[in-house]
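Encoded as structure tokens, here's the structure I'll be asking about.
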Amino acid sequence: MSPEQRFEKLGLTLPPSPDPLGVYKLLLIDGNHALVSGHGTLKEDGTWIVGKVGQDLDAETGKLAAQQVGLAILATLKKYLGSLDRVDRVIKLLGMVNCVPDFTRHPYVINGCSELFANVWGDDKGVGVRSAVGVSSLPEGIPVEIEVLFKLN
Amino acid sequence: MSPEQRFEKLGLTLPPSPDPLGVYKLLLIDGNHALVSGHGTLKEDGTWIVGKVGQDLDAETGKLAAQQVGLAILATLKKYLGSLDRVDRVIKLLGMVNCVPDFTRHPYVINGCSELFANVWGDDKGVGVRSAVGVSSLPEGIPVEIEVLFKLN
Amino acid sequence: MSPEQRFEKLGLTLPPSPDPLGVYKLLLIDGNHALVSGHGTLKEDGTWIVGKVGQDLDAETGKLAAQQVGLAILATLKKYLGSLDRVDRVIKLLGMVNCVPDFTRHPYVINGCSELFANVWGDDKGVGVRSAVGVSSLPEGIPVEIEVLFKLN
């Protein structure tokens, strides 16, 4: 099965492709890499999931929020590349969790995005290196922001 | 007009090229990329703009601080590359705003740097992908730190 | 002397090579680059150094924690590359310090890792570009997380 077919089979719905919140591009191709800007928790209705993990959201809801970020990234890939099949593999994720100072389960939260990518591109090519950290605030009050580096076919 | 000429026309003054604050290089060339270390709000007199956005600085002053970071990065580019004309394009920015936990306008703040780069290299080549996040503290108490990946001609 | 010989001469002990804390790889080779995931303060006994810098750890202890992160990264390099000699140079570090909001000595803390790398690969090839920032929380409550980009021979 192709990445497009694998995504189809998941039965998930993509949000609209996001607009930039400032002076930047959402995706840039550099050689055989596609760099994707920090994406947020964009919902199907165009609004954001907001809140701080450990205060407004628990780890499980935070993980779902990270999946929503992954879906927004897929929407960007489809808009700018035409198809998820143009991606050879996930190279790198930087996952930032907007959370309270004593939160410790950032890897669990960011898995919401990483598991989605593993489902789309497979357990090898869908999984890259990653850093997951806690930040004190994010644009629009979103709970998760993730930037990704992909390799293209 | 060349990037050097466009910068000249802006009528802005560069701070001195910064020294590293630790064991790192300010710029490293890797293939046809120039990687630039996290830069801070270095002023013309060699001191730093300090303070937390949302507490000591408002969003507008924070944006000016981000422009100052951009100027420090231009000073580094000129020192290590000789000329801004050696840069083909901006690939990626990571912008970190030292701010209070309920701050939400990080993209607006980091635009202070991104708009400067767009003025120097143009609306296409001066604009790359970007992540803008809120951090709880930065070296020396500066309000903004930005690292950049450029592509060279 | 080779990097392996230089490391040997330091008389330091490596922790066990870490396992991923989530859905990611610890190291990925992309062309002639090795990307290394965010690593933490893994000790020889397999537990973590935990605590917040400026509260539970001072800057000096934080620097030792950053050295421990560096040792964990070396353990990962040896596991996945076979030898430290396969690394040509350090390209880039992103160092995140879990600290109180008024902490300002992030560069000093991250030097704990950077000085280790400079000892292993030398003052030129062991030193790359770097950003050092303060974050409000990290996985497992560790005080330092560092991700690295290396160039391979």
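Per-chain numbering from 1; labels A, B and C assigned in written order.
Methods note: a residue touches a chain if its C-beta (ideal position, glycine included) is under 8 Å from a C-beta of that chain, and two chains touch if they have at least 3 such contacts.
The shown structure was predicted, so the numbers you read here are calculated from the model rather than taken from an experiment.
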{"item": "Cα superposition of subunit A on its sequence copy subunit C - rotation in ° rounded to nearest 5", "value": "120"}
{"item": "Same vs different contact residues, subunit B with subunit C, by half of numbers used", "value": "different"}
{"item": "Separation of subunit B from subunit C, taking each centre as the mean of its C-alpha atoms, in whole Å", "value": "25"}
{"item": "Residues of subunit B whose C-beta touches two or more other chains", "value": "101, 135-136"}
{"item": "For the subunit C and subunit B complex, residues of the former touching the latter", "value": "91-93, 97, 99-108, 110-111, 114-115, 118, 127-136, 151"}
{"item": "Residues of subunit A defined as touching subunit B within the complex", "value": "21-28, 30, 35-38, 52, 94, 96, 98, 101, 135-141, 145, 147"}
